[in-house]
Amino acid sequence: MSDPVTATEKSSDNPILWVAKPMVTAARQFAKSLVRPSTVIYPYERLEDPKFRDQVRIESGKPIGVGPIWDNYRGVHALNIATCISCNLCAFSCPDLCIEMVTVPGGDPKHPKKCPQIDYGKCSYCGFCSDACPEGCLTMTTRYELSVTKRSEMVYSPQKMFGIYEQKLPMHPIRVERPANEDQILLEPPLCIGCNACARDCPTQCITMLDIPKPEAKAGEKVPKRIWKEPVVNDSDCVRCGTCINVCPKECLFWGNRK
Amino acid sequence: MQSEDLAKALAPVLGDRILGVEPFAKTAGRLRFRADAALDVFRAVKEDLGFHHLSMVGGIDWVSHREVFYVAWSDRLGQYLLLSTDLPADAPHIESATPVWPSANWHERETWELVDITFDHHPDLRHLLLPDGYVFHPLLRSFKLHEPEELEVKKRSV
Amino acid sequence: MWINMGPQHPMTHGLWNLRVKIDGEVILDCDPEMGYLHRGIEKISEDRHYNEVVTLMDRTCYVAGFAWEHLYILASEDALHIVPPERAEYIRVMCEEFQRIGSHLMWYAAFVQDLGLMTPFLYGMRDRDIVLDLFQSYSGARMTYEYMRVGGVRNDMPPGFSAHARRALDWLSDRFVEYDRLCLGSEIFRKRCDGLGVLKASDCVATGVTGPMLRSAGMRRDVRRDRPYSVYPQLDFEVAVADGADVTGRYLVRMEEMRQSIRIIRQILDWLDHHPGPVLADRLPRWLGAPYAPVGKEDYVLKRNYPKGVGLSSIEEPHGEAQAYVVNEGSEHPYRVKFRSPVFANISAARHYLIGYRVADIPPIMGSVDVCVGEVDR
Amino acid sequence: MSSATLYSVSYFLVNYVLTHIGSVLPAPLNAWITNGDLVTGLAVLVFGAILLGASMINTIVLIWWERKLLGRFMDRRGAMHVGYAGLLQNFADGFKLFRKNTFRPREADWLGFFSGPTAYLVTSFVIFGILPISSGWNSGVLPLSLLLALAIFSFAPLFIFVSAWSSNNKYSLMGGMRSAAQMIAYEVPLLLAVVAVVIVSGSFDLTTIVYEQQNYWFWGPLFLALVVFVAGMLAEMERIPFDLPEAEAELVEGWNTEYGGMLFAFFMLADYLRALVGSILVVLLFLGGWTMPTWVPSAATSFPLAGIFWFMVKTYLVFGLFVWIRASLPRVRTDQLLRVGWNRMIPLSLCAVFLAAALVLAKCVWPFGCLPSMGV
């Protein structure tokens, strides 16, 4: 590396004629902005509008429209209710606890379908929820206008977010690669009672209950009273949402690594 | 300078007032010293080793005890040095570093109010970030977030 | 007579209170009062997962979000024993340097406005918008990026980014000439700023002042060069130094730093063009990935016995030397996070560079300190 | 119309209206309503109302003009949503301020707090009654109109100081002190610069001064006086770079910190009224008032109200110069300002006076030409 330069040596712009330099500079900018100032007249011109971006670019001497990409702006969420699997991962990953899973019509009465409802009064637009969504049904759109007159209107129900989804706004094309997950759902067989709760509640239906042989009763020991089935997790389908672990009555499922 | 060199350089000056020098990533090491000899250690570190710039003072509440750590920078060595010492959990106090490093002033005020570690002979031990008269020490492990009701009860009893 | 400048005062640029004792127009004593913006970020961090703390880092210093993200990520990677891919490190350094330009432009805008000149304020904000446009094109937000992750960054650059970035850099480097003409070329500006707020190098070291304030006193200390972190050893740049120790000196240092940042970013863009690769470490603990589901009563992490660790990172933030100290006790939350904010130390020395000047000098002097209250109060 | 004066127009209006009203009334009332005294009195009132309205509208348009110009200097647009190109924006702002509650801090002095801004506004208005805006468009012949205008103009520090002191705020007090010091310091060079003009033109009457400029405008030969006058005017108007009394960076809003609502609007209006007066004085004293040079084609100067038109064009251009200065210069400091005022401006203005004397003695100066015969 070369020797350090002192800043004074490099950019000494000394005054000429008291204030001639700044006045000339300001006048030059005045002449430039007579044609078109850099202002984006917001409600009429929008940065995300491709037509506007093409029209005014940095090449034309205006510092607007540099970024080519507005589509990955993290604005209001869009939710595709149809593909939502109610896995809860968005609510888990929310650092601000602004996502609540609410029941939407469409599930079977025993296991109602639950979709995220977001309180934008708390949301920090970090995008963790849409990164976490395994099905890509919760995405962030370029919409950023959310002013409302009541606080309760800041809470967006799944239906409202589905309405945004149906507007087909540009939605965040930079898709985050989900980091490789070294953990799997493992089972501690002696604790399992074969109750089927995990398989029943698994949002991706990746758990199947397989029959296991009923052991012969040994002398002096009773055969435990249980259903002789054990869950088997299809690893490639598993989204690692942990629902099975949560519903397990015996706490026999846990995170682990077979390797 | 590695942590062993550091220990060697400090041993004749400080003797048993240092409890050891552990290696610490990307610094010259972590110097653990006896709390009652704090000022001597600071002076030796500053004047003998050239750690003129104290960049950070902080406290950690380990429930069983508290830890104070100092981070100093030496232009001569081009390295950071971590100094730390353990204090008892009840009424922890240590000599203020302000006579040696005036820049410790605000850092110690902050540590005092957040981690409840008293710095003796500090010139101006007032609240800095929290309002005057605030009785809690938020960075203690006993100060829980998400439980406002508990806080209310505690406040009423104070 | 004591007067309170703040917490709501045009000079403060944030919420803080400068109590000043004056005699006529001369300052006799001063006492900064902080804490109006204390949000307890260090405390909240103790209840969050490692990646979730990043959302707080953007809000620590709201004009230098990337610098603080980088600071925190460096420390927690040390604490968690994770090594990011090289491309991610280059991207992070690029973010930090862009952020330096953005922060300095913001400073320029606010500082000159304190002198009563409104025009550069709009020029500075206009040009900072370019930097924000670039940030948004890859991170998806203009101020609160939430882009860096433990073990890398969230996503790679979009196609065509480097061409746009280069064009923006060309535009910016032209603008700096204009800035200098407006400020340094003005007799009134020089009269107002020369020899103002002098803080000699020895006083800087004693009071812990770092960053452009220290370098304007002629001391060549820059964490990027003295204790290079990330990929700075591979980059060629110079440390900007001035010799006045005054407001003009700080102006010169910051302007030169922006030019050097442009130089650094050009090198990084060249590197990024030729070295594609992953931007996130491939094997991360489950609780560091984005879809992390905390589950059950069992503490999974303790079961796995993740190694403990402590990380200390130090970076050259736009305002000076920032440090983070992260203690990992093997749980999914950091046990303790402690930050050193450069502005915290710079303000604490206020008495050394304010006393003896006039009331009208407070705005330019405090402006030249570049106060960001968010990171002082945390 | 060129022979019509403002007074004759208002007299004609009043007379016309009253005669028509009187023609439908019974005889005694008719005689009373069309009597000469009443018509004259009402004509004076109408005259005042027109003056007030015109200066008010001009002031508000002046604010619009400043906002638009400043916008372009700063690479933005300025007001643009209310009315055509934002012309009505300031009326909307004024209306908002008018609707706001005016409150007084508890410890503030009642009398000073309310009378200060009112007096400031009123004295700024009164000057317009004196200034001629075109030939005949003045309030009659006042031989000392320039002196009177400047005298009223210099009332301001008193009222500013009163309102600053009575609002019982440290910032206000500091702003008031600064304002008084600054205005008094710059009053002297300002008047000396005016003396230079007076020496050359030989009269204190503004109309005479304008007619004295028929051969050449005074800005050329009296350039030094012009510079001093503009600088002094900037200080008197408290505009950047000399706006330290309300230096918002350190003093919040200076002497009007405690004022809100309509009282603040009073200050704001009065500031711009004074800016308008300043621009007008520059035009009258140095730029030939409503007259145009002889090489301008007569078509451009002979249409109805041409004098007023050119006068306004010049005034707005001069104000544009003030805006340009505001857009490119930072604020100076009190001690620097006062030092410049006493140490630089006064010697400069004395030089200007001597130059003016020399000009009068020489009668004819090369590129400009000769003084008219009316000279001393």
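General remarks:
Residue numbering begins at 1 within each chain, and the chains themselves are lettered A, B, C and D in the order written.
We take it that contacts are C-beta pairs under 8 Å (C-beta built on N, C-alpha and C of every residue); 3 or more make two chains touch, one makes a residue touch a chain.
Every value quoted in this text rests on a predicted model; they were computed, and no experiment measured them.
Taking the CA centroid of chain A as reference, the farthest chain centroid is that of D. Here the two chains linked by the largest count of contacting C-beta pairs are A-C.
Every chain gets a centre from its CA atoms, and the centre nearest the mean of all protein CA atoms is that of C. Once the centre of each chain is set as its mean CA position, chain A and chain D turn out to be 61 Å apart. With each centre defined as the average position of its C-alpha atoms, the distance from chain B to chain C rounds to 24 Å.
Our note on geometry: chain C versus chain D, Cα centroid distance of 48 Å, whole angstroms.
Centres computed as Cα averages put chain B at a distance of 65 Å from chain D.
Counting only residues that touch two or more partner chains, chain A has 19, 22, 25-26, 29, 38.
For chain D, residues that reach two or more other chains under the stated contact definition are 73-76, 327-329.
By the document's touch criterion, interfaces exist between A-C, A-D, B-C, C-D. Every residue of chain A that touches chain D in the complex is listed here, in rising order: 19, 22-23, 25-27, 29-30, 32-34, 37-39, 41.
Contacts from chain C toward chain B in the complex involve residues 34-35, 38, 40, 42-44, 46-47, 78, 205-210, 221, 226-227, 229, 310-314, 321, 323, 325, 327, 335-336, 338, 340, 344-345, 348-349, 377-378.
Within the complex formed with chain C, the chain A residues making contact are 1-8, 10-16, 18-22, 24-26, 29, 38, 47, 58-59, 63-70, 72-74, 88-89, 92-93, 95-96, 124-128, 131-134, 140, 172, 174-183, 239-242, 245-246, 251, 254-255.
Looking at the complex, you find that chain D touches chain C at residues 70, 73-76, 170-171, 174, 240-241, 243-244, 247-252, 326-336.
Residue ranges on chain B touching chain C, taken from their complex, read 24-27, 52-56, 58, 60-61, 69, 71, 73, 75, 78-80, 82, 101-107, 114, 127-131, 138-139, 143, 145-146.
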